[in-house]
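Dropping the structures in below, format is structure tokens.
There are two complexes below, and they share chain A, which is joined by chain B in the first and by chain C in the second.
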Partner chain A sequence: MNQSIDVRGLSCPLPVVAVRNKLLEMKKGILEVLVDTGTSKDNITRMATNTDWKVEIKEEGEEYLLIISR
Partner chain B sequence: MLKKFFCFRKYIIFIGVFIGISATVLQKLGNPANMGICVACMERDIAGALGLHRAAVVQYIRPEIIGFVFGSLIAALIFKEFKARSGSAPLLRFVLGFLAMIGALVFLGCPWRTLLRLAGGDGNALFGLAGLITGIWVGIFFIKSGYNLGRNQRTYPLVGWIMPLIMMGLFLLLLFRPQLPSGAVFFSSQGPGSQHAPLFIALLVAMVIGFLAQRTRFCTVAAVRDVILIKDTYLFTGVISLLLAALVSNLILKQFHPGFQGQPIAHTNQWWNFGGMVLAGLAFTLAGGCPGRQLFLSGEGDADAAVFVLGMIAGAAFAHNFATASSAQGPGLWGPASVIVGLIICLVIGFSMSNLGKKKMEDKK
Partner chain C sequence: MIEKLMQMTRASGCAAKINPKDLENFLSKIKQTKDKRLLAGFEHNEDAAVYKLDENTGIVFTLDLITPLVNDPYVFGQIAATNSLSDVFAMGGRPLMALNIVCFPEEEKKYNLLEEILRGGADKVAEAGGILAGGHSLNDKEPKYGLAVVGLVDPKKVIYNNTPEVGDFLILTKPLGVGIISTAIKGEIAEKRVVDKAVFWMTKLNKLSQELLELNIHSLTDVTGFGLVGHLSEMLLLSGKELGAKIMFEDIPVIEGVYDYVNTGMVSEGAMKNRKIYSCIAEKNINLSFEKEIVLYDPQTSGGLLISIDPQQVEKAIKLLHQEGFTESKIIGEVIKSKSKERIKIC
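The block that comes next holds the complex of A and B.
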């Protein structure tokens, strides 16, 4: 089952830290992340790709859904 | 495609180089030495121009601050990232901004000026840099312990426009320079406040920086924080680029004067150069970013970041009215005490807004 995490409204660096902790815990699988700022989207995408996770970005209105998988 | 354009490392290097060169050139064009861009000093000058403090040598409405917000606003509007948001402990952010400014004015510079002072050969800045990194490191301890100021909320667009509108007001005051019977608007006739690059050049350069920084998320505090916290060197690359570009530019412009004594707008009390920046670094980290970053965020609709900026301006007024700001002679009468009190307040905030504090509360129950 896909896991999910909502980091909307959190200020830097909490979104990327929360996602990083979750990915370290999961080791593999799919994590859906709901993000509301470009900064968090960029930070999380960079962190995930640097640690060998694939990231798919879907724009949903003014928010983003990041689908992170390995 | 255009959005991805800025997301790679070469663009963070580009903005670092651009800031390094433009800051040193702004010095050549009239800004104070080693102060081509200093967010803390420039907000302090704005506080002085409005008469919030009466230190006659540091009063000027710095167009660089206005340009940062305008540039970020334009980038955010073009790339559809302008989002009015507020409500993540704004009063606490005001306090953090206030304390960050108290610390920065004991050292005499923000993280940006720390780099520019180093690039100008000011050895005292090494102690400020060490303090800054220490402060960030303490902040990271709290972040790892679950420190969180709470989520912000989307709000009415007008809320996000308040900071750009305040900047527009300041710009009009700068442009028309009304003279009221009280003496306001105050503009220094001598000292650092009287030294400034031509208005429109400074404004334009700052707008370009604001635009690029909004796109690249440039932040001097996050640069260090991310290396320690998540082993990410992206922003750090930008900061190193800034330092090296400013150094080379200073060498070319003959603005590099290595040493400790007699450095411009600096003092040699290393304990408080260090201590001041521990406080500033901790306050910036607890608030999520350096003073430049707070301006860029306020330009893209983050009203909490705007409150932090207003806290910094209030802190600058306090620092000069209550003798906590340093001068070339050394720390102000109440400078060291203000740093200690500021650190205690930041530690209380860090403990009480993290799992450390929550655990204690649960234990009591």
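The block that comes next holds the complex of A and C.
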């Protein structure tokens, strides 16, 4: 089952830290992340791709859904 | 207890600035008083205001206030004060006296934190040769601290932020990256050796010796919230002349370890805002990866001085800067003639 995490409303760098901790714990699988700023979306994408996770980005209005998988 | 300081804040340090474009918009609606005694005011985003009292005496006046960007309250106090005092030094002035301005959550009763913040500030004012003469406090959810500073300057020797000349060399006196490092501190992934480096530079006063100030420095500013490219673009665009700059990326001092933090996602909202606003002025002539490029837009708190100096005197300036403890001072580029929209060429 996919895991999910909502980091909307958190200020930088807490969203990327939360996602990083979750990915470290998961090691593999799929994590869906709900983000509400472009900076957090970019930071999470950079951190995840740099640690060999694949990131798919879906824009939903002002928000983003990131599907992170390995 | 110490751990709390960064958790009590949203954006850190100078990354908490208001978007420069929005600022420009609403400031333009505020009536500005013209007075021939006001040598520096609103018009070219100067570091501090300068008022000419008589032929030989000018007053430099500035105010700066920031949110915590490290957890240690004494160190935060030192950084905030160094950052506030810097605006006086960036005009070629000397601080006379300062007043504290502090916001702190009363409910939490953590007055030992507040006491440490103020002690750090007082120590820096004393080191700068100024007198701390009072202050003002406010009950606020988020801690903030800074100083209002009054300094003295010879009106004939004010160094403006928008008066570089073609052929000048550009010197940066402190390494970049403190914004990214403070984001990493907040994210609790920053290593001690990197934090120590950042703290060392953020608590180093931008005080230059008289000998250095007597050199032919054409223009001077401190690199703070708008990042290197932001402040350099102000220097060039607000000159009212057709001026550009060529900067050599590999010569720009950057704190070691910063690129790793960018790759871990430690880029502040402020850096992204700066990049969005200023990147149209910068032309990349080399292949710059994101982690390198973003450092040019990283908001600096208590950042170094950006000096535009006569090329004949640049060697002497670098030698003196190194003697005065600015051991990472580098010539990062030169001022060129340019009409292009992309005034800054990154090579």
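Assume the second predicted complex is superposed on the first by the 70 of 70 C-alpha atoms of A that agree within 3 Å, B and C clash if a C-alpha of one lies under 4 Å from a C-alpha of the other, contacts with A are read in each partner's own complex, and residues count from 1 in each chain.
Keep this in mind: contacts are C-beta pairs under 8 Å (C-beta built on N, C-alpha and C of every residue); 3 or more make two chains touch, one makes a residue touch a chain.
Everything quoted here is computed from the prediction, not taken from an experiment.
Visitor: Look at where chain B and chain C land on chain A after superposing the complexes, then choose clash or fit.
Guide: clash
Visitor: If we overlay the two complexes on their shared chain A, which of chain B and chain C does A:36 touch? Say first, second, both or neither.
Guide: A:36 sits against chain B, while chain C stays out of touch.
Visitor: Who does A:62 touch here: chain B (first), chain C (second), both, or neither?
Guide: Only chain B is touched by A:62; chain C is not.
Visitor: Which of the two partners, first being chain B and second being chain C, lies in contact with A:9: first, second, both, or neither?
Guide: first
Visitor: Looking at A:44 after the superposition, I want to know if it touches chain B, chain C, both of them or none. Which is it: first, second, both, neither?
Guide: After superposition on chain A, A:44 lies in contact with chain C alone.
Visitor: Between chain B (first) and chain C (second), which does A:20 come into contact with in this model arrangement: first, second, both, or neither?
Guide: After superposition on chain A, A:20 lies in contact with both partners, chain B and chain C.
Visitor: Mind telling me which of the two, chain B or chain C, contacts the most residues of chain A?
Guide: B
Visitor: Following superposition on chain A, which residues of chain A contact chain B and also contact chain C?
Guide: Touching chain B and chain C on chain A: residues 11-14, 16-17, 20, 37-39, 42-43, 46-47, 50.
Visitor: Residue numbers of chain C touching chain A in their complex, please.
Guide: Against chain A, the touching part of chain C is residues 10-11, 183-184, 186-189, 262-269, 272, 290.
Visitor: Name, in rising order, each residue of chain B that touches chain A in their complex.
Guide: Within the complex, chain B touches chain A at residues 7, 79-81, 83, 85, 88, 143, 148-149, 151-154, 217, 219, 222, 225-226, 229-230, 232, 234, 288-289, 304.
Visitor: Mind pulling up the chain A residues that touch chain C in the complex?
Guide: 11-14, 16-17, 20, 37-39, 42-44, 46-47, 50
Visitor: Give every residue of chain A touching chain B within the complex, in rising order.
Guide: Within the complex, chain A contacts chain B at residues 8-14, 16-17, 20, 36-39, 42-43, 45-47, 50, 62.
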